[in-house]
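Structures incoming, each one as structure tokens.
In the two complexes below, chain A is the common chain; its partner is chain B in one and chain C in the other.
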Partner chain A sequence: MGLKRMNGMNGFKELNGLKKRALLSLTLLVAAAPLAACGSNASTTGAAADTQGASADASKPASVEITNVSYDPTRELYEAYNKIFQTHWKEKSGQDVTIVQSHGGSGKQARSVLEGNEADVVTLALEQDVAELEKGGLIEPGWVDEFDKQSSPYTSTIVFLVRKGNPKGIKDWDDIVKPGVEVITPNPKTSGGARWNFLAAWAYAQEHDGSDEAKSTEFIKNLYNNVTVLDTGARGATTTFVENKQGDVLLAWENEAFLSIKEHPDDYEIVTPSISILAQPSVAVVDEIAKKRGTEEVSKEYLQYLYSDEAQKLAGDNYYRPSNPDILSQFSDTFDLDLKLVNIDDDFGGWEAATEKFFADSAIFDQIYQK
Partner chain B sequence: MGSLKPARKKNRVIPGFGLSMGVTLSMLSLIVMIPLLSIFVVLSDVGPADLWKAISDPQAVAAYKISLLCALAAALVNAVFGTILAWIIVRYRFPGRRILDGLIELPFALPTAVAGIALTTLYADSGWIGRLFAGIGVKIAYTPVGITIALIFIGIPFVVRSIQPVLEKLDGQYEEAATMLGAGLLRTFRRVVFPEIRPALLTGFGLAFARGLGEYGSVIFIAGNIPYKTQIVPLVIMSKLEQFNYGAATSIALVMIVFSFLTLFAINFIQSRLNHAAKGAEN
Partner chain C sequence: MSDPNPIPPNPASIPQPAAAARNTARAQGRTARLVLIALGVLFILVMLVLPLITVCVYALKQGWDVFSNAITDPYAIKALQLTLLATAAAVICNTVFGLFASWTISKFHFRGKQFLTTLIDIPFAISPVIAGLVFILVFGRIGWAYDFLQAHDLKVVFAVPGVILATIFVTFPFVARELIPLMQAQGSDEEEAAALMGAGWWTIYRKITLPHIKWGLLYGIILCTARALGEFGAVSVVSGHLRGKTNTLPLHIEILFSEFQLTAAFAVSSILVAAAIIILILRNIVEFKGRKEEHEHVR
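For the complex of A and B:
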């Protein structure tokens, strides 16, 4: 080793300083060239998109492509919805539309858009994740009121998925804090869905403890002490419960729970608790990107059409609760419509306040794990 | 005459120090240095008080312990098991040896998430292997043991591939000579074979350990991710990111970089001390 290094040093000295520098800068240039090329490449495609956008205003091109960045459990819903929207858009504008779908954890998806994943529309699990895009300057303020029902075309709620026959006799929230009951739910710090779970449990505790915060915190603490696996996302928790057979009860989105039942009708059943939370997934046009790509019109229609009767029925078929009350009532066989639902704005003062109080660092969720 | 002189002077068959050094520096800066520096750029916006708050957060501290202990345990198991594995691949001829040799790299080739899910399915108490252990009351998946198993899985190639070439070069005559001079099996290994493979073993151990500290994909499925119990540092970083708290995430990342750096430094230090001692013994 030592000898080799010496040789290297000799070689170093021998090289004429100027020549060495020239070579060095040359290689740096060579290395940088493809980068520069990449840069200009990117801007050309940007320009192309711009011209495309401009021509869309004059005379529409034959086809258009939009990207919908969504969260995990909407996969099946949007697969079906994109088909009916394609037909609708063709009739309306004569254009063929291609929709690129992207699914993942809601927070992760929001971050990917923030970091450069070019989404024309986002359909995420939490209003807060969309708000993060607003903070990042990609979505214009006031998006919550851009579409009906606070931009939530479909809603869901949190229910219990238990093993067939309900061996632990789980009926309501107070049954799952009992010692010996193993609960599976994702981590509210990493999963949008899990925040709804937490808040639904909190709502139950508040109702039963007469809004005593200390008692509710104790209740939540007992609940999370029963959690044996805290997955990072909702799909992960479902896998842990369904495939790896962990735990007695899974706190699940209603639509996810129905999907599990559909797949394994003999293994599971759904238990609806006495009180739960109205989970309102949010949709929004990513203004900056849609503007840049000239897809504003189709993006807006894409989300607007989610409120059409046809799309609302489709949401119901995919076990989401339609936000149109008439269509929701058609699904009274599927959903327990008498379930008492609290909601984030009226009962928790909006997401910002709820996050501050429950999920921020060293807030209530962190406290319940402290010894 | 004229053509002979520079050739003799240069000592190198292939010239081009300037060129290769230039390529090296460019690649290193683009791929390693600049991304690492970006950590410090983000940190420059984080005040010292916030930095300390983030890195001394009790959940993070508990996670450091879990990550360090599991990575250490996994690296130790790999050091022993990897040496044996490298030994049988190099020293013995048996059917399926080449397949075994090829399998060593599998943990590198397999996407870590696939490995994690497969290990979890096997080691969960309803899984094939987990069921056996559950029978005697031992839980593997969703405990630190599960984390360690995932880390053993991803770390094994580092040790085997570090030691293998050294063992291949090690002439069997040394061992024969040692035996003929009256050394027993254990002594031959301890005084003849082990000193030869030791530097490679230390390197492999260090790499496996450092990789274990940072591993996310395969661990996340088999760890229960319960704060203070089975939450690893990379998950703490991820959860800070999920909350869009880039400052705190980067602060904890800094701690991980310092850990890794100290580990590699310590291994180099031990190595040089041992080499020193070995030389002293020779004199």
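For the complex of A and C:
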């Protein structure tokens, strides 16, 4: 800094008057500003409280704001959906609605809501993540049946993303357990998407081994022996495969796979296996917050409207499978609708049972990794 | 950081072997010097300049339109505004605190002074992520202050105050750390003299202390600004990533990046790079002025 020593008596040397005044005003400014900052913060909070209070009234304010805490790959979907919902809500209630979006890993997002991130609605990747919020007392029990199709307005499944031309000739699950095939999938211990991958593979093995658990375990073991990078999240695994060019096949969400193809149409292609799993992302109103803010009505409608024809088409456009079968059939060009899909409740006895059997400590996944 | 005045080689101090040997030695010295300089330049190029160029190249890769769309995106602008707000708050708070703390620590003697100095350094030592988690554990839904905040309709974490708080925390020591050694080196002779002549504390502070430290103070403020603009870890934990509300510029960049919008991510990054370059230029001006003034004083 080169200012270490300033010599003794020179401090009394007359300072340029202008400089002196400038310094003084700087000091005053510096002293006054935090007060101003505090004041403005307080007033923002106050204003927020006012709108909250007002929206609880019978007479509706002109505008309302809700927060949708969602997971990573839904950004484009909700960007488009929010627009049509704003129009819909304006027609329905005369109110302008603003929707604040938050995206991140599903588990991480659930965690942040649990810690106080005030979401009016959550639209997460896994039923379990919403169940965590139920356990935390934020969402009332019975939310699964609050909306149609177990509160899953759109679904997805697990497919393979391979390099263009499919150099390893991957067609089905038994191709990816062959020696020399490098598989990219995230860690089922930390990633929701990875659990769907695991269960889809298990479903295939069960069907081909006549439900012999030992054989299926062996199959899964071979599969995970081929995994070269075990990322902590689905988006990380996609980046590893697509951007960093690791591995021969990525086990991916169907919508993520389509998104990767859209980004790099000449580099990748999608392979749909003979059997996969119906992934049902869950939506729910966060009762505690919506009640506090008086946004229950608009939050509920926000999720309900996801089932409308218009929104269902939007989901299809964004590579999610619409839960409405009529609309789904309109997307037969995009999706392989003949794909046999198992689902978590009928084939695995629900998430709780599946977690206990496969992913809990020293359950099947741990056993595979220890062997 | 003080003047690196190299000691000029004194010919008399060199022993007197043959002139040729001396020349060889000199040549060797020159080679060594060149190699070292080359290494230094290479290192700077690879570690500092190359990333900057990469950012700019990527930012403009898909043309000017994509670039300007990315930086005029409403969410990008909101993020920039929040970053500026948090930076301003951090700079103001930490300047006030830094002035008080450095004055107290360098001009007065009291018990526990060393402890206080150590405390100021905590944000340097702690990982920003932990700092963020601490705020969550205090002000979050599971934190002990939550009921109080709820009762008064206040929101700290996952809201703007949390972002500001986290930024202030990580930039806490910058101004104080800059001023303390400076003021300690100056000692308190002049202030004591002024006090003996009957000057009040405010006069002393304004006419003696502040003029002495102003360049160091500005330097600290600049460093603090630079750090606050780029803060990621602690803010990431407390922000909740609410688009247009609690996303700062670095968080916005990360989101764009993980959404495969590489060009947009780099375009927004270039705002921060530009800010960094401006800050560096300011820093150099301040340093230069400070040094010049010092020379004047010495004369």
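Here is the rule we go by: the second predicted complex is superposed on the first by the 314 of 371 C-alpha atoms of A that agree within 3 Å, B and C clash if a C-alpha of one lies under 4 Å from a C-alpha of the other, contacts with A are read in each partner's own complex, and residues count from 1 in each chain.
The criterion applied here is as follows: a contact is a pair of C-beta atoms (placed from the backbone, for glycine too) under 8 Å apart; a residue touches a chain by one contact, two chains touch by 3 or more.
Note that the structure is predicted; figures quoted are calculated from it, not measured.
Colleague: Answer with first, second, both or neither: which of chain B and chain C does A:Tyr369 touch in the superposed model?
Modeller: The first partner, chain B, only.
Colleague: Looking at A:Phe359 after the superposition, I want to know if it touches chain B, chain C, both of them or none. Which is it: first, second, both, neither?
Modeller: first
Colleague: Return first, second, both or neither, reflecting whether A:Glu115 touches chain B, chain C, both chains, or no partner chain.
Modeller: second
Colleague: Given the touch rule stated above, what does A:Arg321 touch, chain B (first), chain C (second), both, or neither?
Modeller: A:Arg321: touches no partner chain.
Colleague: Contact-wise, after the overlay, does A:Gln101 reach chain B, chain C, both or neither (first, second, both, neither)?
Modeller: second
Colleague: Per the contact definition in the header, classify A:Lys245: touching chain B only (first), chain C only (second), both, or neither.
Modeller: In the superposition, A:Lys245 touches chain B alone.
Colleague: Go through the superposed model and pick first if A:Arg195 touches only chain B, second if only chain C, both, or neither.
Modeller: Neither partner.
Colleague: Residue overlap on chain A between the chain B contact set and the chain C contact set?
Modeller: 7-8, 10-12, 15, 20, 23-24, 27, 30-31, 239
Colleague: For chain B, which residues are in contact with chain A within the complex?
Modeller: It comes out as residues 9-12, 17-19, 21-23, 25-27, 30, 57-59, 117, 120-121, 124-127, 141-142, 220-221, 224-228, 235, 238-245, 248.
Colleague: Which bits of chain A are touching chain C when the two form their complex?
Modeller: 1-13, 15, 20, 23-24, 27, 30-31, 33-34, 37, 41, 44-45, 48-49, 52, 67, 69, 72, 75, 100-104, 112, 114-118, 136, 235, 239, 259-260, 263
Colleague: Within their complex, state which residues of chain A touch chain B.
Modeller: Chain A residues touching chain B: 7-8, 10-12, 14-15, 19-20, 22-28, 30-32, 35, 105, 107-108, 111, 132, 187, 189-191, 227-232, 236, 239, 243-246, 359-362, 366, 369-371.
Colleague: Give the list of chain C residues in touch with chain A in this complex.
Modeller: Against chain A, the touching part of chain C is residues 1-3, 88-89, 92-93, 95-96, 99, 136, 139-143, 146, 153-155, 157-158, 160-161, 164, 178, 181-182, 185-186, 189-190, 206-208, 210-212, 214-216, 219, 240-245, 255, 258-260, 287, 290-291, 294, 297-298.
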